[in-house]
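Each of the next two complexes has chain A plus one other chain: chain B in the first, chain C in the second.
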Partner chain A sequence: MSVAAGSKYLESLLQGRPRMPSSPLGWLNELRAEAVDRLGALKLPTTRDEEWRFTDISPLANLSLQPARAGSSSLQASDIAYLHLDEAAIRLVFVDGSFAPHLSLLPGPTENSQGAMIGNLPIVLSRQGESVEKHLAKQVEFRNNLFAALNTAFLHDGALVVARRNTAIENPVHLLFITTQAETANHPRCLVIAEQGSAITVVEDYVALQEGVCVTNAVTEIFLADNSEVNHVRVQRDSAEAFHIANCAVSVGRSSRYRTTSVAMGGRISRYDLNVLLAAEGAECAVDGLALIGGRQLADTHTCIDHARANGTSRQLHKCIVDGAAHAVFNGKIVVRPNAQRTDSSQSSRNLLLNPRARVDTKPQLEIFADDVKCAHGATVGQLDHEELFYLKSRGLAEATARNLLTYAFGAEIIERIRIASLKHRLEEMVLEQTRKN
Partner chain B sequence: MSAVLQNLVNQPYKHGFVTEIESDVAPKGLNEDIIRLISTKKNEPEWLLDFRLKAYEQWLKMEEPKWPNVRYPAIDFQAISYYAAPKPKQKLNSMDEVDPELLRTFEKLGVPMHERAALAGVAVDVIFDSVSVATTYKQKLAEVGIIFCSISEAVHAHPALVKQYLGTVVPVGDNYYAALNSAVFTDGTFCFIPKGVQCPMDLSTYFRINTEESGQFERTLIIAEEGASVSYLEGCTAPKFDTNELHAAVVELVALDNADIKYSTVQNWYAGDENGLGGIYNFVTKRGLAKGTNSRISWTQVETGSAITWKYPSCVLQGENSVGEFYSVAVTNNYQQADTGTKMVHIGKNTRSTIVSKGISAGHSNNSYRGLVRIAPTAAGARNYSQCDSMLIGDKCGAHTFPYIQVRNNSAKVEHEASTSKIGEDQLFYFAQRGIGNEEAVSMIINGFCKDVFQQLPMEFAVEATKLLGFKLEGSVG
Partner chain C sequence: MIYHDSKVLLEVRGLRATVNGIEILKGIDLTVRSGEVHAIMGTNGSGKSTLAKVLAGHDAYEVTGGSVLFQGSNLLDLAPEERARAGVFLAFQYPIEIPGVANSHFLRLAYNTLQAQRGEEELDPLEFEDFVREKMKLLEMNPDFLDRGVNEGFSGGEKKRNEILQMALLEPRLAILDETDSGLDIDALRIVTKGVNQLASQDNAIVLVTHYQRMLNYIEPDFVHVMRAGRIIKTGGKELALDLEMRGYDWVGVEHRAAVEA
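Presenting the complex of A and B:
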């Protein structure tokens, strides 16, 4: 195995890799081997790479990390009860990247009667390998992406959610990823497949139960077949010292609708790459995001919405609330391919700077190759409006309360778009708490 | 697409002809000797040669930028002749002394100089290939203390001023093409408006690339002292050649306290034929330094020509309350590629900038807006408003937007908006039922789309620009 990347981070991780159990499935072993090969050729991105221009991950290169040890956690179900979602009838819990069946909530071993197939990747693979093979590692391009390649090299446990043809799964599926060990790296993996005519809601939830340095390197792939609907919520509340890197790729089929809301609060450096491909006619997506950061945090969101076929619709609203000496980065690309006529796309990046030392770099980007389209984007950067503050103060609110209220309202616009009441409520509380703390 | 409009868009380049004037051309290639040759030919002082050599040294270490959204075969910098000048003649005092052949060229371009100078009150510093041959109205300007001459003349007549400002806004190693220009620039315009003087007329230069395969490396330096103001017009056309020609100009503007510089450009260089063959490569570095308090720099450009445009007129807003403006219309047709936009760097307190960019792409062309708005930590109360709109005509062209917004001060307010639109069947139908033909309708819609920019242009330019757009796009809609 060659390690060309020349960073302690990668070397230490790859040394730990031989402990990975090999899979009985040949194609899966080949996939991992290919990813390991690519690791040899790829380098850790630097700020000289356009895609990483504002996000300096060089501190990562000097970390010496171990792959997280499986099953060494003493976490009990009651310890994480406060993290449960009331609405979720199905919950998959992963502790430091490994599946924790005793903490999870599954109706059957891998399958429930309501037309879904939900469970841990290796178990489902051993029974229904072929149907998963054509989707796994097909959407997130790991060959040119170091972090995706690393995740694929460590591919073992992971969440698999399949909504069967013509079924609507009412209750959200909760995918909970918990880190408990400092100085480790974990590689969460999710694969969501919505078959024709199905509908499902998936909550990806990343939580840290430790304060130390750790690296979460997640990959999520979502496929929407024709006439399907996926609601995808992503909540990232990693530890304040954590590096959180995530790649998510979505392919949306004919007349299908993908809706996502991502909320990033944790991590010293967090990076979320979301690529949505509107692969067939009439596909729709709504992409919303909120980054709420302070201190010395850096939150970077890169999205790409690719209108590959005609009559697609996309809506995007991304907001950043930046306090302290934190740094928010947003890069939102919208591509309209030559034959994607009658595309309707709008994108908005709104940024609120609360501190003189706070910093934001935003780049809403349009690449249009078709003429019969409606595309608009906008970006604003500013502070709380003085008139609004004055108005609230004239109603008897103290300066601090008025500021909190306005900051909260700014963030709440995104959170309100989440359709799971308990999660919405919890996030609202968290935003309030954060604004109060600031 | 209607046949009438199709014909109009495919009109051949009207300004394609070659004037036969004896040229003094340097051998092809670039090396230290060529730079020394240019310097000797122009009888330059030692410091300027050092400036050139330093730039050349930097250029050797640099790499051609690969980030612009344009594609072209590699340029062989050794296949270019870096110096071409009409044979030296006596200095001229009036238009009558100018070579009649030259005058005919300008007439073909529709710029009768006497008329233009007399009627419009414009002083035209004529640049023909790389050396200034005639300067009008110079004496009139000299009365109020304005220096308006070619840069090579300024090097001899006002060495201290040139030395003080040259390369301060665009350093020799700023970028690949700026370094190249700094090493080999042959001529350009120098303009100095002393303290408190309002320039009594619009200053203007007509650029013209003439000798085949001679790259043109213009250098413009405009300085407005405290309380001075000036409006400068730059217009370009070039004859038709099939080999690509490189043009790498550098323009530097310096505005001191309360000074005001307005720089307007209409660029209509040869864009190549309908198959994308030939055309000018226009790789230009333009930057203004709003150095003083309350200073103002305003760029207005109408870019319709060149096979490839790579140009970002920028403002460095250093002085408190300084203002930067950028108004642009970029039109691409056939296989043209444009990657253009601006940079607004806010450094001083309460600095303000406005960006209005209109891109129109037709045919197989690609039109990119690339902009940067940077608010430094020191720029408290800074304000920016950007608007960039694109119009696509046909489904073979592309429109791209790359706006970088970097804010490091929380009292700043930055807004950016972008939209795309097309000329719809319904719009044309609406015009038609009011008795207005397609051709006129398209022209009206396009002029409406570009109105915000055109109204920033000086009168004569606005008229010219409106016509130019008409020529460029006729036939591509229907």
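Presenting the complex of A and C:
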């Protein structure tokens, strides 16, 4: 059941394309045109593709969707105040894919000239096109990835975050993507550039304020120059009917450190592809993930950590909590290239099944081409521990309370790694809420 | 302490229980009244820890015969959480570590569950913090233990103190202490037993399950029972524990067999 790119889904999306404003920048128009070109050659993946064997996205092909209408939302700042992060001094809000300046908290001119350059892509491009051109669409493989190509074809608004050379930006930057229109597709885009010696924390936050079917197709690219540090938190709480597809590509420079925590709770079908390239010596990454799903949800996480140079370190912990008849997929590839001697890598996949109908497919994948390396990996699938349940019940806690608490505890190990107190607290509440609901 | 005319809290009659089809308890009789301290002693495998878990309602054990009345009601009809709310408490031999659940959160949940049961006021996190810190002083516990995961990385002695802290918070009618002395150094033993003694009153009862006599130097039992092969084969006063310490357990078995055969 291979579906050609000329399917209803893509046709309906591409029909909307003429409405895209053309950019004054020639290279950007060319980039979009190339992406449209690639769309003609790429096919919607099917379960016969190894990378998609557990995730059947054929329902997507039959959707008749439109690009979201820009500027038609009546959202007020007060409507989304509850989504704000206390610690964030800068917030970029995108509603149905379009930048919403009235909902955003933008940096003052001094901040933008000194430590950081943060704003909506078209605006920054008009002023500082060249520095962005070097990075935009350079890390993500849009030529071989239908969803990344589609996103690039629609490339317009997006979050641009640049941490300037030798600057540590203390407060997290909050990138908030909100959907308000059902039956639409939107294509969030983020580009994060950490210049040499800089440090920054970025929170990518996807929220649905509507209950209907909708497609989010996000692309994020993150570049870490030498001696830099990026903390990247990704939270996906799309609507229960949503398709959430996301590609994130990261390049880590010499002696730089990339840390990420992703939490996926929403979406009927969600797929997150994270590719981290440890591009230079002594690069380091810590990749943590939590998928918390129930009902008939499917959450698929594919990660690839590519050790390209020597003395790299990677550490990964991925957890899935699966209730109802939900299905979680984790595919964690670790590549150690011939040059990447003295790589130190560990990966752990831990899974909790709360229902006999719940399912998880976990697959660690190691491809090691160097001989002097340390690579540890492991996967476990289990249920709530009987003795722990008895212990809690013996103190008077009801069965359901005891189960919730233990489920929560399983997920908390990931959430505790987020260093933003208000976000950590909110996610803890959300996990408790979700486990109660389940 | 034996009080005149005190009420029967626990009445166990002919209790039999199996685990994986193997009979471990083969007819236990035990009566515990308010205010009393009972010690249940015996070698490993005699069934004393099984008795403790059966009373707390662990579902790995199947009760195949006999009855257990707690304050006049059938205890065996109750789920573990209902037994706890009715006033039965088991201090675990091996307290469970639960990383990810803050000890303070767990203690407050348990405390408030019992408060609600008793129709008394529940405490919010701040009020509870003050309350639990007072109780911790009794056990010379560092308040840092509130912020850690439940028993996570606690030493053996710290875990046992945390058990008795729970006992102090929940104020059970019947506390069953399963090998609470195991893994304790002499200082920890002194602190833990001091805590237990302060919690003992005319209105509650304590059943100590122990292999050794040494805890009984600190908590004086009114009755000492010796278990062997799933039965209580001898009951005496506190001097029985001293006899066991000096002479071991074998003679009780010999005496018992002689009595049965006679």
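For this structure, a couple of remarks:
The rule we apply is simple: the second predicted complex is superposed on the first by the 429 of 438 C-alpha atoms of A that agree within 3 Å, B and C clash if a C-alpha of one lies under 4 Å from a C-alpha of the other, contacts with A are read in each partner's own complex, and residues count from 1 in each chain.
In this text, a contact is a pair of C-beta atoms (placed from the backbone, for glycine too) under 8 Å apart; a residue touches a chain by one contact, two chains touch by 3 or more.
This structure is a prediction, so every number in the text was calculated from the model and none was measured.
Comparing chain C and chain B on the residues of chain A they touch gives the larger count to B.
When both complexes are overlaid on chain A, the residue A:R395 reaches chain C alone and has no touch with chain B. When the shared chain is aligned, chain B comes close enough to touch A:C375, but chain C does not.
Of the two partner chains, chain B is the only one that A:N351 touches; chain C does not reach it.
By the touch criterion given at the top, residues 56-60, 79-81, 83-85, 89-90, 92, 95-96, 98-101, 106, 109-110, 113-114, 117, 149, 166, 170 of chain C touch chain A in their complex.
On the chain B side of its complex with chain A, the touching residues are 67, 375, 377, 390, 392-422. By the touch rule above, chain A contacts chain B in their complex via residues 50, 338-339, 341, 351, 353-383. Of all the residues in chain A, the ones that touch chain C in their complex are 385-388, 390-399, 401-402, 405-406, 408-413, 416.
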